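Chain nomenclature is as follows: A, B and C, assigned in order of appearance, with residue numbering initiated at 1 for each chain independently.
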Amino acid sequence: MASPYSKEQLLTMYRKMYLIRRFEERAGQQYTLGKIAGFCHLYIGQEAVAVGPNEALRPDDYMLSAYRDHGQPLARGSDAGMVMAELFGRGTGYSKGKGGSMHIFDIEHHFYGGYGIVGGQIPLAAGMAFASRYRNEDRVTVCYFGDAAANQGSFHETFNMASKWKLPVIYICENNRYGMGTAISRTSAVPEIHKRAAAYGMRGEPVDGMDCLKMYEAVKDAAAYCRAGKGPVLLEANTYRFRGHSMADPATYRSKQEVEEERKNDPIPKLRDYTLKQGLAQDAEFEAIEEEVKAVVDAAVKFADESPEPGLDELWRDTIVAEGEEDVRPRERVLGVKVTHWPKYPSGQELKVTWDLEPREQAEQADKKAGLSR
Amino acid sequence: MPELMYREALNQALAEEMERDANVFLIGEEVGRYNGAFKVSQGLLDRFGSARIIDAPISELGFAGMSVGAAMVGLRPVVEMMTWNFAILAMDQIVNNAAKLRHMSGGQLRCPIVFRGPGGAGGRLSSQHSQALEANYAHFPGLKVIAPATPADAKGMLKAAIRDENPVIMFEGERLYALKGEVPEGEHVVPIGKADVKREGTDVTIITWSRMYYFCMEAAEQLAQEGISAEVLDLRTLRPLDEEAILASVRKTNRVVIVEEGWALAGVGASVVDIIQSKAFDDLDAPVERVTGLDVNMSYAANLENATQPDAPKIIAAVKKVLYREGA
Amino acid sequence: MAIPIQMPSLSPTMKEGKIVKWLKKVGDKVSSGEAVAEVETDKSNLEIEAYDDGYLLQIVVGEDQMAAVGAPIAFLGAKGEKVEAGKAAAAPAPKPAEAPAAAKPPAPPAPAPTPPAAPAAGGGGRIAVAMPSLSPTMKEGKIVKWLKKVGDKVSSGDAIAELETDKSNLEIEAYDDGTLSEIVVGENQTAAVGAPIAYLTGKAGKAAPAPAAAQAPAAPAPAAKAPAAPAGGQVVPLRREEPAVAGGRRLRASPLAKKIARERGLDITQVHGSGPSGRVVKRDIEEALARGVAAPAAAKKAPAAVPGARPAPGVRPEPQVVPLTSMRKVIAQRMTEVKPGVPHFYLTIEVEMDAAVKVREEAKAMDLKVSVNDLIVKAVAMAVRRYPKINVSLQGDQVVQYNTVDVGIAVALEEGLITPILRDADQKGMQAISTEVRELAERARKRALKPDEYTGGSITVSNLGMYGIDQFVAVINPPQASILAVGAVADKAVVVNGQLAVRKMMTATLSCDHRVIDGAIGAEFLRELRGLLEHPTRLLF
């Protein structure tokens, strides 16, 4: 059977997954060299969960994540050097070194941030999706969170509202089986997170998170569903992190054997095998991509390492927006390039709100039925 | 100038701003078909429709966070908290997201949002429903905190808050909503960060905000009959504090009483005292006195409730103390 | 080329790690991402990964050995490659303490050597803490503040009190261990050097009552009347921070009242306070001003033009008695000793300063802050270096010949003056001199000089030029044997080559101790000094 994917699509996905892998390996190394400090949560093993969905989305769809947040912006197209510089705490990072590993924001690429409080980004995504409906746009919002966030109140409160108001938001639960050092099955009455969608009358499905193409298909389908105004979708990406929760985690709560077993499922060779089998590319092409990516990542480390720390004058910036102050466009600020894809919103005079969240007739009928008159 | 109730002034501000800017929407419990738990949003659902006047489920964290998300992409939400006691559930979204988005994103994002609702004691509601929580929010960089006392300020400051590019926390009061005052019609915007001398005086400065303002005015009236001229400075904004106005008044009267409904420890008044002692030490003729809520939880019993809160007699006693006229 | 595998930092707090186990051995093939060793950190056991491909060439840090974060623990490279000699040895030792264990043979962990236990001082008896001598001229000291209170444990080396001497504020250290059992000299009280100021009780002992003689006098007597502190350790209170009113009680006044009194030149101690506990408040000051209460003698600080500052007609202000500060006392005593004790003679010379002033201007153009006085200091130092006969000191019946050139600089303080010493001034460049002089003067004004910064010295430069003084003679500051008094640089009409010309002139007067310096030596020195200042390029050679 012929592949439904073009060579270009497959190689793009491969390149991005390989980029994340190499980037994270180097980030881990730089952490051990003391160049990166604080918490540093690596994405190694979960690459398919970032890359598959991104290729199924439009560039102007919104995306946000938790604190394991290096993978998604790289998949979206963020500058690897500026992401690395942020991890290094340098002024050339996306957030001028103020956010660090847990708070990558690249608004130009519609990546609305990494959030450090478990589950804290879940309501934000619903609000962004709400704004899309409010403005009658067909944009979707994709929100990543970990399996352990599913036990937060924010998860339940938001799912209720998102479903009730049919908000165009795709929630991707990255179920890597452990919330830090605790297996999700040990703390959850229903460890299959996708089943919880049923409680809110919402679509919920499991996906093989170790397979980039399956992630692609699932999100492609979910995005079409959202854009059609049918409401939110919960996808449970069953995945695995090959590393500890953070750099300081010895991961003694799982056996070596388990990790070895999962490594056989590595999404990167899997996509390469598929492509080779389909006869769409040769080994040499993959090797060329790998060399190219290695150079990109090494350049990213060099860029970060050679970048200065933020100036002390930055201390007092970015807490309160001063009158007339513009938003900062990082690539413009750091690389001096013209940023053209910055999000633009209609003014309060241009905007016409046509959405009726709770249609008047519907409300009046309900009242009539109940014998009420308004 | 028309005389309006505090709640009507707020209603007017909301309606005017929603008319002016389609990005503004109101969300909260009972704001729509019920017309508002305290009738602040009366009639707005009919006027603006269900996408802009949104009845939220009882999920304070959820709808607060959802509104922050909407503000991140250009909308201007007004989030009504039925009372600030309930907003404690939403504090994570306010403090960890709204107040920090600009910072975490290195200036890429802004969060123009208003969280508003009644604070302070409502009257015979016991401890969970009777708390003045403004000091909590005044603590956080990245937020602005306002607490207007009069209907005119309520209107003008809500309008300023909705137009502000930052998260603004607005404390109203269950016992303020029915109070009446003259309110300018139409474009009346009171800048955030500016205190207001509500009554001029020469012997002592009484610094206050929100509902305590009325007790201070009552006390000032009575003191005037005893020949004591009290200046009443209404802070109106608690973050950022209007240092200039505070110091100007202290330099004029040399004696200060600060009246705060909330608890004394780590209260806003404590920070005001700090500004005074560090920047106007040589202008003080007496130690600064504070009148605050007692350091206990609020009781239901009427006598206990009254005894817990500041009132005019307590303020008068404090004024006499700083004037060294005790027992006079 | 061999690539090092470094000891990784695996937690925010990790400083070093111990290799628990090598998972690869020398000669094994290693791929990027593969675990090569297990390491024990301060938090847990983790695996060390290779970040490059290659063969394990050498293990530098063996099992059970420690290495600092960043230190190489092994080398990777091509098969059969040799690690360059010196590379392993070059294993960087960032700090001696953090040197990788590989740098030395593995040794069983030995307990750190502990200093011998301090003997229970005094066998548990009472140990007196004496007023220390902290400067050569110090005769007595005033306790500014006690840093320990009775009952506190004190170890040798602990600062127990802050002390004001004639020169600066210093800390008193305990030299024994024990418990502070009694404070003899209270805050703001003075004691002679050597007198007990407190007692410690050793470990075994209990605080015994102090002998009556050592007790502080119950009622502090006004210092002005007190005789110099006798050696017996009697304690004389010297000065109170707050102006005291009659009867010795502390003055209470609001900050505002104090401010107005200060501005209006009113003696606040004469004002009756109407506030709580007799606190003087604004209205008391206003009433007093209306009545016309006396202004203190020290009112000259108040702006002269303040309306109403003048006392009401008919009231003659009384003189106020202010006790001497410690510094003033020492100055008074030393001057009465030096002037009759050291036979002075004086030599005066005029120096044309046009060239020196130009040097300063050139420095300024280069954004370098160099004053004329800095140049004079440098020139004096160079002249002393060239005429060492002036670099002497009479001590007893011996003459000390110094081999270093240390120049004192007189600094005026509110309460007196002090001469910090610029060491090795002849060796220093203008920039260093300028910076150091400013820094010394700054700390002198804060009374933060250490004793060795104002003792000794070859010669002192005293400059009153900034006050417009043309010429003066200075009193020598022993053990130095000379002092140079420098007047203002001013445009003067002088005769140059038979023509009248305007030049920037300065007059300098050298005072010498005639017991060790003769006129010709002083004159040669001054001539050299003038040459250096008139031709400052000579300072370079």
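Methods note: a contact is a pair of C-beta atoms (placed from the backbone, for glycine too) under 8 Å apart; a residue touches a chain by one contact, two chains touch by 3 or more.
Bear in mind that the values here come from a model prediction, so they are computed numbers and not experimental data.
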| item | value |
| --- | --- |
| Category of the chain touch graph - line, ring, star, complete, other | complete |
| Reference chain C; chain at largest CA-centroid distance | A |
| Chain-chain pair with the highest tally of contacting C-beta pairs | A-B |
| Whole-Å gap between the CA centroids of chain B and chain C | 51 |
| Euclidean distance of C-alpha centroids - chain A vs chain B, Å | 38 |
| Separation of chain A from chain C, taking each centre as the mean of its C-alpha atoms, in whole Å | 58 |
| Multi-chain contact residues (two or more partners), chain A | none |
| Chain B residues within the chain C interface of the complex | 254, 281-286, 324 |
| For the chain C and chain A complex, residues of the former touching the latter | 6, 8-12, 32-33, 43-46, 48-49, 51, 69-70 |
| Touching residues (chain side chain A, partner chain C) in the complex | 25-26, 28-29, 31-34, 37-38, 244, 247-248, 250, 252 |
| Residues of chain C defined as touching chain B within the complex | 254-259, 274-276, 279, 281-282 |
| Residue ranges of chain A touching chain B (in the complex, touch as defined) | 62, 93-99, 103, 105-107, 112-113, 115-117, 120, 122-134, 153-154, 157-158, 160-161, 164, 317-321, 323, 325, 327-330, 343, 345-353, 355-360, 363 |
